[in-house]
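Following are the structures in question.
In the two complexes that follow, subunit A is the common piece, with subunit B as its partner first and subunit C second.
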Partner chain A sequence: MNPAKSLCNPRIHSMYRRHFMGTLGWGMSAAVANFNSLTGLCSDLRADNVRKDDKRVIILYLGGGASQMETWDPKPGQPTGGPYGAIPTSVPGLHISELLPRMAQRMHHLAVVRSVDNSGISSDHHGTGIHIGRKNEAAVQFPTLAEICTKELVLADTQVPPHVELQVWDTFRFETKHGMSFLGSQYAPLVLTGGKRPPDMDRLPAVSEMDHADREALRDYLSRRFEQSRGANEAESYSRTNGRARGVMACDELLDVDRCDAADLARYGPTPVARHCLLARRLVEAGVGVVKIRDTWWDTHGDNFEGQRVKCANLDHALSHLIDDLVDRGLMSHTLLVVLSEFGRTPDISASLGRNHWPKAWSVVMGGCGIQGGDLWQDEC
Partner chain B sequence: MNATSFDPAKMRSLLTVSHTSGLFSGIFDPTSQRFIGGCIDGSLVAWNYPALDSPTPFGWRHRSYVYALAALPQHREIVSAGLDRRLVWWDPVAATPLREVMTSARPLNLAVSPDEQRLAVVDDDRWLHLYDTLTGKLLASYDGHPMMTAKLKLSSIYSVAFSPDSQLVATGDRTGTVLVREVATGKIIHTLDAKQFYNDYAIDAEGKPNGGEHELGGARLLIFSPDGKTLVVGGMADYEYNSAATDGRMGFIGFELEKGEAIFKTVLPKDKGYLQTAVFHPNGLLLAAGGGGTAGASGVGTLCVLDLAKSDQPTAYPLEATIRAIALSATHDQVILFGMLKTAVAGHVETWELPAPADST
Partner chain C sequence: MTTRHRPNSLVFLATRSSIRAVVLCWSAILVSLLGSACRGETSTNLVVSDSPSAASGTPDSVLADADATLAPMIDQWISAAWPDTTATPAPAANDAEFVRRLYLDLVGRLPLPAEQKSFLSDQAPLKRRELVDRLLNGEEYPIHFANQLTTHLLGRTALPAPKEWTDWLRQSLTHGKGWHTIVREILSAPPTPKDESGPAEFLVRKLSSNDPLDGVTRDVTRLFFGVDMQCARCHTHPEIPEWEPESYWGMAAFFNRSYLVEIDGRKVVAERARGEAVYTPAKSTDKITAEPRFMTGVVPPPQEAPPTEAEERINARKALYPEAKLDDPLLDNPDEYAVPPTEKPTAPSRPLYSRRAALIDMAIDANNPYFSRAIVNRAWAWLMGQGLVEPLDQLHSANSPTHPELLDALSEDFAAHNYDLRRLVRNIALSDTYQRSSVRLAGGEPPPRDLYLQAQVRPLSEYQMAVATLGAAGLMDGSQARADFEKANTDRIKELVLRFDTGSDQFAPSLALSLYLANNESFAKIIAEGGLVKRLLDNNDNEELIRTAFASVLSRAPDADEVAALRYYLAARSDRREQACQQIVWSLLTSSEFRFNH
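And now, the complex of A and B:
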């Protein structure tokens, strides 16, 4: 039996960007607007806010290039297949790498695309191709997929940050940092690095809570009067930015992974990628529209099998808990989960046991938001 | 010639043969008088000595890479460890399997005690298992290595070695931690620091160290000196660049076992990659090999000779192949290297002559 043929679902063949966006159709709730009480969203009731029709996106980005052979597209027994075997999953006929045993039990929640080819837009870490979905151009700063989702699905007017990027570690050294896109700053991510909340977000000790509120009221009064008399977009932009800053200040507890529920912290464990998956779940529960978790150092030009094994162990634990939580809390139906890299890794194995960059055929998995779990797309279809 | 001496400066390559599958492990088997290699396609293959001709595949194969091999000359058997979680005992003459033991984790290395009473197996779940060499019965299992690295990744035990008197067993892991135990009791008598071989150096876009997640390395090589007084640890040291390739320089650390203190640290000046495998020549010189670094003037692999008494003066020969295993011939006048040339699917076997010093002939 050819598992590709038996598992291939024609529905995903017709998926294209506008359809994809339409599936996510967004109606941002104002329920999260009361940012002065955002810390209360960490209660058990917070998930209620997102059980409405609003959609969320979590992108787990495996920076450096995860090996498709050691994750979602194993080739055991082939000369270039590597040492690890394939294991059956919760989807009959679908096998993934033995390095992902917990994920194997949850593949009915995810669709696998094994034929991603982005060779035309990026083949090294310097490009931003996979983030923007096209070749980078020096003259134009195109928006990232996450920024497009932020614009089209969410949410410039939310008072929690609409788009948060969680850098698990430092940004991968060789990867160009993405600059401000032409969509504007309101769709750019709030970047948190290493699980730390943004610096300088505390109210000055010399300014009391009451003074702080008074100042905001005065600012708001003057801004409205200015806008009425001048009708300037700049004033609106200023007010929006100010509101965003106040929202971030009010998110102190929300943005601090160490303040998560102790049982959750214990369950997810200490690894950075797991803690950031937990933080991502909290953020979407609280109304953040788009969260990108940016893991790094999947780049294994040498010692690939050890490197991918240890990375996969942490990924398997983190991602499986995230999926469990999204399912258990009723979030999976309106949270799009995408796991991808900037490219895959070569089938060829170098003498240093490395796999190099391979953008021609690699794997992405995604689930939630109506995507049929268990679907498989690969070239044989 | 004097079989117990050779001149490191006069070593030369004798024969090179290729194989259709990369070689991850290899031994000289006294029983069959053949060189036997373990391949990434799961097979074992034997070459005649010294001609390196007529490669003969064994009659059964592992389902994954053959990570380690060891000879049991008293029992006239050999044993292999595969990443398919199998330990297999073989008749090396008939090239047929005799018995098999499944392991709970992936075995990454093995060693046989010199008295051939114990088989030590280390795995990627950080366990040391001791088996009865003849029957394959599991006798004891020991943990104790750190579970995670400094970057919170699961560690593994990469290396294992017995002391010459079979009383001690040493294990080395990804973090560079080396534990030395009593075989009889499992009691740890030394915890040695070889963290020089754990590399987590990383720099940011401005070239400043930033302590990112990047990590490579571990104690890949362990070997006791013939007198049992020194434990030599090998790996990849001095990583100065956060390339994702294995481009640190090879290094040794020698520990004096009575006190558990490092007595020398040697880093090869040019040779990159992991120092992976070693054997002591009867004259006391250590022959070691490895590789994996990016090709350059120094080659991608290295064969080197270390005199423990002059540990700052290693002799190194660059190789075109990455070496995973080294073995001495029966007469100690040749050394054989098993590895891979350019790609992992291209097996490479190479013999080197160990010529006697001029005044000994």
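And now, the complex of A and C:
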């Protein structure tokens, strides 16, 4: 049988032409061609790539519990205030801790909520209460805020992963691993830990690039025939997701902070939290819908003031650059930025100069996506 | 008890006689239409029957099979719901479609190429029925249905489960133990030697969770009675007024006295004679003591001699155990126990009056419609891709079945026939409804799923997917008994189950899985070492090679286009034939056709 004569299916024709009749090297199929545009996207990161009506979310999570007194809600001169002063900010009347001088100049981009009370939801680090916005229940795996955003933003068709979690450090003291939620695995984050890449990103040495691309085209061809005969949505979504694997692999560069622009790297500096803030900006620009940056080691039960001073210096630097970039690149209007912990820290200072867990009144800051910068929310008392 | 059930049950009872009448009437019509309507089956392998249809003297149909009278009834209730004008059902699935579907549903694996071949070439007119019976009576049905039930009861990623549980379930299914007996054994969880401790696994797991009472209450209610009442834990369900906190906590009160003790290094279920479930509803500060009652409001018969506080007996215990806290079972009155709690128990404590036993006696009963319906609905979903009630665990008054009479009739038949899962599965599998093609009907949008005009494309379970993947890659060749295959591949199966788990009962593809399939070494190894690639390389003829690959993985013959495309591919990669065969196997294993039952 001569296939070239016996076949009249246009798709087969194009498949032959593109796949098997080209040069000995591999011609790009329609599906593979998309990866070209993606590679383009990765190398040319501009805010224009984000569609205007698409909302994005960056959550910066200060694991362990940042102290509200040393960040957004200073109480200088009070018995509970600690050694640090408060400084005026770009918002008249709003003062924040002197540990955040760069942020003080940018507070007109952020709203501060000083009256967060999540007692009964999380009181220690073991729960995932603040991530899921409710009390843990043994029987139900509730989705995280980030997973809910991923679902609601409807990012199913992006070539880049819709939801990425950047774990700033390799090890997470006390952190409970968040299980798969009932929303399902398609909204779960692609996790990058300690600057490392996600698993299974590299083609196995035994599979050549040509074979890897060949089989993807074969899989696509076989699946499409099945789906055309059945018209089944679930089958199509399985194929679509499998088709994204090579896209994400092509996106490898995007996930590698070392490959960011040298000037950006210099500006953000070497601290892990800053490097991950830079990575988050880049991911959002490339179309990733939800990025959660998980910092940790804010749990200053002993020597709170030295601990928070060091953490705040890094936070001040990283967050201020992130905000500058979001503003300069026009991303602020459709990117929601949230900075939070699992709880705050006690007003009382312990004998070891520490502050313990305090879910009753602590601070969260938010900006972007139409949030009124400079707003202050607190209970008057 | 019957009279105390709420309207649901009364409706159920009232419809019984009318259903019977309809069934008889439909049977008569069917009998007169024999031959064409019933796939032209002829009179071999008959079972003599006293059912009305057989008595009418027309033996050559599925109706003549006394145990299959439900199958035509299923088809009648399904077609009765079709709109008069527009509904055209899909034709029957062809033999290749049917054989793959049936193997996956009844024994949880793909048919081997030799099994497909022999079925396709079989000329016997009743070959579909014979295959159904052969699979249901073989060694693999109990293995697969034990897996299905394990996933259902212990969780999606519980497989492979402990040996004692698996052995007990497989044994139970092999011997046709009724579902009522299986559940009774699970919920009574009596003390046994370790190798007979299988049924206790369920309660041991649920009582080991962080919040044991909630875990056990929610799961017992949801898994055995088809109702997830989680919201009623704090407040009355917004749409279902009968699910109020009393309903949830009434169920909890059957379990709050159950607890785990460790004996010989093994967790065992024990129960106390005392102790109440106390709750505070939302927006309230009241502390309410829950009365044990079934979720429908039915209460168990009162305890014959209610326990009395025997102060001196309790004081004696206090003296004996000065360290014990106030609510320790050790301080209970031992007169209320068959086996009282002790400090270093050799047997779990057993009260004279067991609340758990009260639930078992009351709820596992033909008059409790929830008990049969929950499992019937679940089994229907396993074979048909969706329940007659969806979601499967929302079997309540505000959520009607798509075919209420059918669910009633199947449940009633199930209860009347020793709660026999095999009979239920057999009848569903023998129905025309089950055996329709899944190929898209011509023109326009696919018809609504719940009309069952065509068979549904439904994802394989994690476990089916694991076994199918290993089997298709060549690790299953028919030389090994199924149980041995599962044992030999425990680690591989476990890994694949976890990889294909979506975290949800809904199908949800994930990028992590796609990357695993694309680049993970252990998945590549399954293909490289499975044996299929080697068998493909044995073919010098490319068309034979392609046919072998399709039969092994997709359980069908390739069409001309597919043969041509793959021949072209093999020709273009003739310099790397082994790699090319690996890529063909990979692409078939990761195709959507392989991922679904259709």
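What we mean here is this: the second predicted complex is superposed on the first by the 315 of 381 C-alpha atoms of A that agree within 3 Å, B and C clash if a C-alpha of one lies under 4 Å from a C-alpha of the other, contacts with A are read in each partner's own complex, and residues count from 1 in each chain.
Here is the rule we go by: a contact is a pair of C-beta atoms (placed from the backbone, for glycine too) under 8 Å apart; a residue touches a chain by one contact, two chains touch by 3 or more.
Keep in mind that what you see is a predicted model, and the values were worked out from it rather than measured.
Check whether A:V248 is in contact with subunit B, with subunit C, with both or with neither, and answer first, second, both or neither.
second
Should A:G302 be classified as contacting the first partner (subunit B), the second (subunit C), both, or neither?
A:G302 contacts subunit B only, not subunit C.
Count the residues of subunit A touched by subunit B and by subunit C, then name the partner with the higher count.
Counting residues of subunit A touched by each partner, the higher count goes to C.
Tell me the contact category for A:A263 with respect to subunit B and subunit C: first, second, both or neither.
Neither: A:A263 stays clear of subunit B and subunit C.
What residues of subunit A sit close enough to touch subunit C in their complex?
1, 3, 6-7, 9, 12, 15-16, 19-20, 137-141, 161, 179-186, 188, 190, 198-204, 206-208, 211-212, 214-216, 218-219, 221-223, 225-227, 229-232, 234-242, 244-246, 248-249
If we count contacts the way the header does, which residues on subunit B are in touch with subunit A in the complex?
Per the touch definition, subunit B meets subunit A at residues 21-22, 40-41, 63-65, 83-84, 124, 148-149, 152-154, 156, 174, 202-205, 210-216, 242-247, 273-274, 291-294, 300-301, 321-322, 339-346.
Would you pull the subunit C residues touching subunit A in the complex into a rising list?
209-211, 214-215, 218-219, 230, 438-440, 446, 457-459, 501-504, 506-521, 524, 528, 560-562, 564-569, 571-573, 576, 579-580, 582-584, 586-588, 590-593, 595-596, 598
Could you pull out which subunit A residues touch subunit B in their complex?
64, 76-77, 79-80, 83-85, 168-171, 173, 177, 270-272, 296-297, 299-303, 306-307, 309-311, 313-314, 348-354
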